[in-house]
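Have a look at these structures, which come just after this line.
In the two assemblies presented below, chain A is common to both, partnered first by chain B and then by chain C.
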Partner chain A sequence: MKQLRKYFVIMRVSFTNTLTYRGAIFAKFIFYTLFIYIFMSLWRAIYQEGSVHGYDYVQIVWYLIMTEFVGFASGADIYRTMNEEIKTGAIAYQLNRPTHYVAYQYANALGQSIVNILSFGVLAIVLGYVFVGPLETFSMHTVVPLIISILLGITLNFFICMLIGLTAFYVEDNYAFFLIYQKATFMLGMFLPLEFLPGWLQKISQNLPFSYVHWAPARILVDYSPEIGLRLISFQLIWTIAAVILTLLCYSTGVKRLVVNGG
Partner chain B sequence: MAIIRTKDLTKTYHTRIKAEGLKAGFSSLLKPEYKDVTAVNGIDLEIEKGEIIAFIGPNGAGKSTFIKMLCGILYPTSGEISVLGMSPIEKRRSLTMKIGTVFGQKSQLWFHLPALDSFTLLAAIYEISDAERTRRVGELSERLDLTEFLTTPVRRLSLGQRIRCEIAASLLHEPQLLFLDEPTIGLDIVGKQAVREVILESNRDRGTTVFLTSHDPMDVEHLAQRTVVIDNGKIVVDASLEQLKREYIKERVIEISFVTPQRLPQLDNVKVTVEEGGLKVRLMVQDNLEEILRNLSTLEGIADITISHPPMEEIIASIFRKQGEVG
Partner chain C sequence: MKKHLKILKCYFRLNLASAVEYRASFISQAFGMALSNSTFIFFWWIAFSQLGGNIADYSFLDVIFIWAVTSTGYGLSKIFFANASRITQLISTGELDTYLLQPCNILLSVISAGTTLTAYGDFCYGIILMAIGYTRDIYAWGWFIVGVFIYGILLTAITVFTHSLSFYMGDATVLGALSTEFAINFAIYPEKIYAPLIRTLMYSLVPVGIAVHIPLSLYREFSFEVTLAAVVTVIGYCCFTYWFFGRGLKRYESGNMIATRI
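After this line comes the complex of A and B, so read on.
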């Protein structure tokens, strides 16, 4: 109980701390709105009528709003934080505490994330209604699976980012890994629905973790059915568990190799 | 009971040599070259419960590496360590419950939040109950005079106020062993004094063992009962405060500026440096401070006079000189 409580308090303090960055949140609000607006215009030009690969215009805009929401809500700060802390040796101060380093970082990131989930959540719904109106395929049955899928997507993203950050124990420069991850998630679901890709690439992508960060929750939002919900959430769950296990393994072997820079 | 015991403790870093130039850069990509740097070289040390020990040495002497091995953060290359009867490597996390650390150059407080929030967080991390936390925060704020600014965001505190909060943060879980790395760096005299008093009180009232590194000779003089000097990863001197005072810190530096150049009277046992054509003199005085001052009072045209301790670097240097003579 005490163990769980300490991570809850970390999350709460991190939440309060994030609230002090109001300026940054509003700046990102503008960026988010602009991004959706530009891509909406692009899609409007492409969609003269009908639908593409089963997505109509309203759905594709809501799709984009959802993938970008997951992106803005989770962020990649956790990669940068861990990478920096290991490289500069600042991790020493974190290791001096009776907390697990990975759990500490996760609670900290979650605290920041909750601020973003709440604020960008409201903005996302407002933008959707103002830009294209309600999503007709959406029903109340979608709410629970959608929330589960969003949380799994964010958690999967966090653990993959932590895993990449932790490779700093082994390699001097891991930015390339991060870049690959960022581009892969962008191409395989964040920017375009997976259904738009050639069949062979869809098959490969459905067996990789990248699409389960953004594509899965957005796909559930725009056209939910119990079968697709179950399938996507199971894949998200499997990849999240795998990422957690790999992160913990990478940490426990990596910390033994730690060389604290700067003496 | 020895609270810290190390035997032949050694840490060697295996670092890659960065080659300069494009060609060398490519060949090091294919065939990297490494070199071994020994930061800590066979240290044997025993520290008893309740001791305050100052650990000094020039930059790069291996102080931080040694402390980090004691905390279990770095894995030793060879040798044995036992801290509070435990092996720091195997029991790092249970050990953290019993040790506290202050790194003068690194903050453990949340920058945008009041110190009180950080205390709440630390109390949860160290599994301290709410009632107990209230009691300890109250007690520490009184001793360190924090009450006024406990609810002010840390970014708006002065350095002195912040360091006092840092010390409170590291004492919150009542550690048996306290590591202080340059705790008074950047503080004014009042701030330094307040920090020293809290450290002494904690040592006296609760028997906290204190392991201190500092470049301030006054920290060493006011706090340490025992001083260990290391250089190149080896212990050079391990002496009590009395011994150290007798042999090394008895020196004082007198600096005098004159309005017009003056000739100094004949002084015994003093090293004199004359600067700016006799307008400024610097005297290294051994133990006859009073006598020298009496002699100097006959001089005319004194613009300014200061008396100070030689900087830690010079004390360390003089220790190394003595070692050289003995060895």
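After this line comes the complex of A and C, so read on.
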């Protein structure tokens, strides 16, 4: 319990820090609104040409609002942080602290994410109501599984990004890995629901972790049923545990290779 | 003019040499960006295969054209003038002083002093798209080249204009980033998806419609009047940006920062 308390303090400090920079949050509000507007306009044009199976227009807009929300709520840019700290040797300062490095970064990110979840959550609901009105398929039974799914999506995203950042221990430049991950999540759930993909790709996507960052919470939001909720959350949980284990392994082997010269 | 081109060539050579010094990093970043861009075409492929027709009057080939122009044009701007997006930072930290002392055009010197590695991936990606979509259509390639040059120049001008606002109203970082987002997103989607007000913006404040959607419409059906209006607007916008930067520069108060440029 005492061990956990120090991480709680880190989280609280990060929460307060994020709240201090309200201007940065408002700037992100503009970008969030812009992206939702663009995709809403695009899907409106697509739906004018014909119907897209499985989702109506209101559902697809709420779907996009949720996928973008998970992206914006994810808070810390952990990939860049890891990359910078390993390449510049700044990680040495963190290693001296009486905390586990990975847990420290997670607590720090969680503090930022809580602020983002609360602020962008309000904005997301307002935008949804203003752009397309209420989501008919949503009920109060969806709230708890939705919150669990969002938190798991954010955590999974955090650990995959951290894992990519930690590859800086092994390779000179890992930006390409990050770009590929980013676009894999874009295409496998963020811009397009998996149901829109060709059958063979749907099967592959449902067995990859990328879809469980954005698609799972958005799918639960727009068309929840206990079976779907349980299946998606189970997969999210499995992939999150796998990502945490891989991150810890990568960190423990990578940190032994670390050489910091002066500073 | 000759002197300016010589400076530009010199900066390009130095920036490229610096990029190639870290070869693995350069290749992986450029390749990663090209691969990353291809996911958007995948999105369109799925959207068109779902519907089988046009979306907002654009066919899949039209989308390939606007994507190709935007990607290569963006690459062109960021290969040669990546430093334009650092103008706010240069102003607020006082680093701009270093450029004021050099015996060449200040704006050109500022904007061409940096490059972006991933931009090479963007640049190549558009050409690959054209090679796939319009293999032997010389007419399309012609309008593609025109579009790329105009987009590259306009994107740089838009970036300079918004960042120059820092001379007048303080930190314009968010505005600068927002204008770049507008410039990209207005260009890579069919223009008719946007409301009339946004379409007006696409041809006035952030005029990337001229660089992407007009070359496409001229490729479909040539019009001398439209071409002339587009050329006049581009020249006018660039001249205005140049004047706006110069006027802002007179308000700049030098700091006491000592910096070395090697």
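The working rule: the second predicted complex is superposed on the first by the 255 of 263 C-alpha atoms of A that agree within 3 Å, B and C clash if a C-alpha of one lies under 4 Å from a C-alpha of the other, contacts with A are read in each partner's own complex, and residues count from 1 in each chain.
To be clear about the criterion, contacts are C-beta pairs under 8 Å (C-beta built on N, C-alpha and C of every residue); 3 or more make two chains touch, one makes a residue touch a chain.
Given the structure is predicted, the values throughout are model-derived calculations rather than measurements.
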Chain A as common anchor, with chain B and chain C clashing or fitting: fit
Contacts of A:Lys183 with chain B and chain C, given as first, second, both or neither: second
Apex chain A: angle to the C-alpha centres of chain B and chain C, given in degrees as a multiple of 10: 80
Partner chain(s) touched by A:Thr20 [first = chain B, second = chain C, both, neither]: first
Touching partner for A:Ala92 - first (chain B), second (chain C), both, neither: first
Which superposed partner A:Leu258 touches (first chain B, second chain C, both, neither): first
Contacts of A:Phe131 with chain B and chain C, given as first, second, both or neither: neither
Touched partner set for A:Leu192, first chain B, second chain C, both or neither: second
Which superposed partner A:Arg5 touches (first chain B, second chain C, both, neither): first
First, second, both or neither for A:Leu42, with chain B first and chain C second: second
CA minimum distance (chain B, chain C), superposed complexes, angstrom: 6
Complex interface listing, chain B residues touching chain A: 13, 15, 39, 60, 62-65, 68, 71-75, 92-94, 96-97, 99, 101, 103, 106, 108, 110, 112-113, 117-118, 120-121, 124-127, 153
Contact set on chain A toward chain C in their complex: 27, 30-31, 34, 38, 41-42, 44-46, 49-50, 52-53, 172-173, 175-180, 182-184, 186-187, 191-192, 196-198
Chain A contact footprint on chain C (complex, rising order): 22, 24-25, 28-29, 31-33, 35-36, 39, 42-43, 46-47, 50-56, 118, 174, 177-178, 181-182, 185, 189-190, 192-195
Complex contact set, residues of chain A against chain B: 2, 5-6, 8-10, 13, 16-17, 20-21, 90, 92-93, 95-100, 256, 258-260, 262-263
